[in-house]
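Look for chain A in each of the two complexes below; its partner is chain B in the first and chain C in the second.
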Partner chain A sequence: MRIGIPRALFYYLYYPFWKTFFEALGHQVILSNPTNKKILKDGLELAVDDACLPVKVFHGHVVDLKDKVDALYIPRIISIEPKEFICPKFLGLPDMIKSSIPDLPPIIDSDLSIYKNKRGFYEHAKSIGTKLGHTEKLTARAFRTALKKLNSYKKSQIIEERLPLDSGQKSFFEDYQSKNQNYGESALKVLLLGHPYNIYDNYISMNIIGKLQRYGVKVITPEIIPTQNLSAGSRYLNKKLFWTLGKNLIGSAYYYMDGGQPIDGIIHLASFGCGPDSIVGELLERKIARSRPVPFIRINIDEHSGEEGFNTRLEAFLDLIEGGSRR
Partner chain B sequence: MKVTFPHMGNLYIPLKSFFESLGVEVVVPPLSSKRTLELGCKYSPEFACLPFKVTLGNFIEALEMGADTIVMAGGIGPCRFGYYAEVQREILKDLGYRFEMVVLEPPQGHVWDLIKKFKHITSNRSFKEIYVAGKLAWKKLLMADRLDKLANRLRAVEMEKGKTDSVYKRALNLITEARTEQELGAARQQIVKEISSIKKASEKNLLKVGLVGEIYTLLEPFVNFNIEKQLGELGVVVDRSISISQWVRENLLPSFMKSKEPELLAKLAEPYIPCFVGGHGRESVAQIVSYANQGVDGVIHLLPLTCMPEIVAKSVLPKVSKIHSIPVMTLVLDEHSAETGLRTRLEAFVDLIRERKEEKELGVLSWN
Partner chain C sequence: MECYLGIDLGSVSTNFALIDRYGKVIKKIYLRTAGRPIETIKNGLKMLREDLDSDIEIKGVGTTGSGRKLASVIVGADVVKNEITAHAVASLSQIPEVQTILEIGGQDSKIIILRDGVVVDFAMNTVCAAGTGSFLDRQAQRLGIPIELFGEIALKSKNPTRIAGRCAVFAESDMIHKQQLGYKVEDILKGLCQALVRNYLANVAKGKEIKPPVVFQGGVAANSGIKKAFEEELGMEVLVPEHYDVMGALGAAILAKKAISQNRQKKTNFYGFEAAFKEHRAETFECGGCPNLCEVVQIYQGDKLMARWGDRCGRWSQDVAV
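Showing the complex of A and B:
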């Protein structure tokens, strides 16, 4: 069977697992095209007005795929860490898609929740296996293979500091070699904070990572920071943050600001109207304003953001930190 | 110690009663107003949702009046509300206020945690005293909720315009002032008498509208421009799907004390949103189906701009409205919403459902 996976939202975190899993079950995985003008347009047209840009873009990717596949994989991602959530919109993602997009192929919308315990990940795989008519034995084997792949991928991602960036049609997972960041000791280091689906989608992010790298800046993101450092950072919070992505973001910032390692600047790339970002961004800004050890900029992006203004702000910020580091 | 709390509709009545019965001094913030909103917006993150901004404004106004202890509810996500208190505390601290913030986290089976916090605020009153104070407050809350329900029907049929609201105001005062259950009983009799004195027009063929959506915008008349009253003025009977007492049950009581009703209701949303999506997103959808089943003429869905669970709900509403053949209008509210625009939309919606009802009665059923 041809199974379609939208190149959006959690693709940037879980694609290594999904691809390996479906292939181990004997299916063919089809990815949507990298985000482009048409995908954005379809998304804006079909998604509910008030949704945030990443959710709208996800709608566009579904449109891009739906006539090329036998089934679409749109999981209901409830929780990927115990006692944490992603965001209400992830909870309702399959529902939004089904209501907003006509003529869809069958949708594999199995719940993924490890809110209560880690077994939830396997339950998720099992539910997919059942839906696709596989034996539990085969599913379990595919699950183990895929999980191993995911874990080893994540490990090497951190060790090699490799950002999950696609190159052209090629997924970050397939284009395995070319993403090593090689910088001298003197390179400027910028901590880029934001949801993976915002910072790694070159179209949405206006290629912020590419631009920074072209300036010779070393880009650090939560995805390449060792987990123990993330949690060390997030321990400074008075109350545990119940959003996994937000927690990682705050954890990264606090870790670096409180002397984990020197850093020259922090960029928060946020979605317009994003619920978690509004709260997390505020905590971040207050923390920075109180201690002021690092230049900081927040860039909000939505479908109306213009690239020119974006570049100007980015360049001004780079000038600022360059000046700072020379002094 | 001077205790304060955020406003949400009539919530201040039972809260004030509760703390005062325990001898705690209370500073009720001024009812939410333009100034509250302005203050709140000035110091809130731009993209915070409206309830965050208005309640922050409440806190600032109360602190200005000398409050030094803020009581606020917490939460475990997935929605922003659960983290409001944390961020609001930081903002107020940076503004230079000195205060303590007591956050009532939802007791997941631990009613004791809640009582311990109350004991702390009330400087160790006995369990029995807390119980008595709680009981009186709860009764007041139920009475205020009941009053709301009655007023939402009476406004549509009162012969003398504005009569219901003047009775309503007096009734709230009576409830607020009662210091014991006996006094509350007497207040109740007085209220019943006043209500029955309201002269009513014919109750036949009245239009009925249900209100669903995000709880704060539903319950706080300041942010929804007193939508219940406005609909009443247009001759519409209003049924609001959530009451404060329900909210208290769901958020502050442990699960074994909760009723099964919400679960049963949620089942109605299953074809559209089968799972919990935070806040009342799923419940909004379920309520619409339930209203359609009851033959209500139309539903208004209220949400603050960027409200995540209600955006999920909104995305399935066209389908729900079509399948259950019930008109639904969505109102997205934020600090820039204007009363005039709202009134025009309400009037248009009421016209629409009135026409539809008339057509239906003529047997020319057509919607969509």
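Showing the complex of A and C:
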């Protein structure tokens, strides 16, 4: 069976697992095209107005895929860390898609929640296996293979500091070439905070990573920071942040600021209409404004963003941090 | 005499600043862009040439503003810099102790925070242009007041009325309503100044620590009513530098001077004032290479392709070395 995976949202975190898992079950995985103008336009037209930009983009990817596949994989993701949640829009995603987009192939919308315990991940896989008519034995084997692959991928991502960036049609997972060039000791280091589906989608992020790298800046994102450092960083908060992605952002910032790690600047790329980001952004701003040890900028992206204004801010910010290092 | 030229190609105005080797402003020009950026640059070049002594030698050129790339293609620039850095550099050259820069231009407004002569933070207005120069222009026009007199009239007000300044559209309808109720023009204008300042401080300057000396620059700094409203709201003196209207251009000129002086061997890229008499035209086409359908802009000088931009992937812009 051809199973379609939209190149959006949690694709940037779980694609290594999904691809391996479906292939181990004997299916073919088909990805949507990298985000482009048409995908964005379709998403904007079809999604409900209240949705945030990345969710709208997801709609566009579904449109791009739906006629090329036998089934679409749109999991109902509730929680990806024990005792934590992700944004409720993910919970309603399969329903939003079903109600907004006509003529869809069957949708595999199994729940994924590991709020109570890590077994939830296996339960998720089992439910997919059952839906596709596989034996539990085969599903379990595919699950173990895929989990191993995901874990080894994540490990190498951190060790090699490899950002999950697609190059053209090729997925970040297939493209094994290390994209992190050799940065000298003197290279500026910038911590780029943002949800994976915003910062790694070259179209949506207006290629912020590529632009920074072209200036010779070493880009650090939460995905290449060791997990224990993220949780160490997020412990500085008075109250636990129960959104996993938000926690990762705050954890990264605190780890670099309080942990004495050298960093030249922090960029928070937030998307318009993101509820959790509005709070995370405020927390970051307060934390940084209090002592201002590190230059900080928040850039909001939305479907109307002009690239010119975006570049101006980015260039000015780099001028700012360069000026700071000369002092 | 050795000189450096700065050009700030903005949405509403295009400014030129010519400085000597000591950074002193010799000549400045403030022109309305009037939707024709290429023409305006050429007009500015012509005006410069007519006014200048023949012994002037342009050693370096810097461009800034939202049209900095276009300006660079037409005149041949040594430095192409974003307007935030340019404004900060210019301000520091005039008032070295500056800690806060309020800049309100034709369509954007910025705040730049400096400490010890270094930019530490900045912000720009995002999607909303309420309270920038073009809005003030339009309101002055609607009330039949020359924009130059706006501030002066506002300062006469004794009982400013409260205008809703959140949004330019609502501000306008609120002003019309206040007129219909019989408020005096000066009270409405003063109220508008206060509303714009409130809006600026609540949006652009949100969360920023404003410390003196505060410098107010950009075209809107000509408006004494807005300056006064800033002073009242902030409770501190607001300085308007002598060359407030061409600060971006001044900054670009200073940056060009710096770039050239760092490398004495380097010759300027400046095409000379003759650039003003060459024919330039811009053409656009839609690239069908992928579903992005980028609009690619091509700038020609005569038949020679000078620059291309607008493509996301670099397929077109890579072929042309600017």
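One rule holds in what follows: the second predicted complex is superposed on the first by the 323 of 327 C-alpha atoms of A that agree within 3 Å, B and C clash if a C-alpha of one lies under 4 Å from a C-alpha of the other, contacts with A are read in each partner's own complex, and residues count from 1 in each chain.
Keep in mind that, in the parts below, a residue touches a chain if its C-beta (ideal position, glycine included) is under 8 Å from a C-beta of that chain, and two chains touch if they have at least 3 such contacts.
Note that the coordinates shown come from a computational prediction; the quantities given were computed from them, not determined experimentally.
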>> Quick check on the superposed pair: does A:36 touch chain B, chain C, both, or neither? Answer first, second, both or neither.
In response: second
>> Just to be sure I read the superposition right, which of the two partners does A:58 touch: chain B = first, chain C = second, or both, or neither?
In response: neither
> Taking the superposition as given, does A:273 touch the first partner, chain B, the second, chain C, both, or neither?
Replying inline: first
>> If we overlay the two complexes on their shared chain A, which of chain B and chain C does A:172 touch? Say first, second, both or neither.
In response: neither
> Which partner does A:319 contact after superposing on A: first (chain B), second (chain C), both, neither?
Replying inline: second
>> One more residue to check, A:17. First (chain B), second (chain C), both or neither?
In response: neither
> Counting only touches as set out at the top, which of chain B and chain C does A:111 meet: first, second, both, neither?
Replying inline: first
>> In this superposition, which partner touches a larger number of chain A residues, chain B or chain C?
In response: B
> Once the shared chain is lined up, is A:256 touching chain B (first), chain C (second), both, or neither of them?
Replying inline: neither
>> Counting contacts the way the document defines them, which residues of chain A are shared by the two interfaces, the one with chain B and the one with chain C?
In response: 289, 300
> Hey, which residues of chain A end up touching chain C in the complex?
Replying inline: 33, 36-39, 203, 207, 285, 289, 292, 295-297, 300, 302, 304, 308-309, 311-313, 315-317, 319-320, 323-324, 327
> Can you list the chain A residues touching chain B in their complex?
Replying inline: 47-48, 50-51, 76, 78, 83-89, 91-92, 95-96, 99-100, 111, 237-239, 241-243, 272-279, 281-283, 286, 289-290, 300
> Mind pulling up the chain B residues that touch chain A in the complex?
Replying inline: 45-49, 74, 76-80, 82-83, 86-87, 89-91, 94, 103, 272-279, 281, 305-309, 311-316, 318-319, 332
>> Which stretch or stretches of chain C touch chain A in the complex?
In response: 66, 81-85, 108, 116, 118-122, 124, 126-127, 207, 209, 290-294, 312
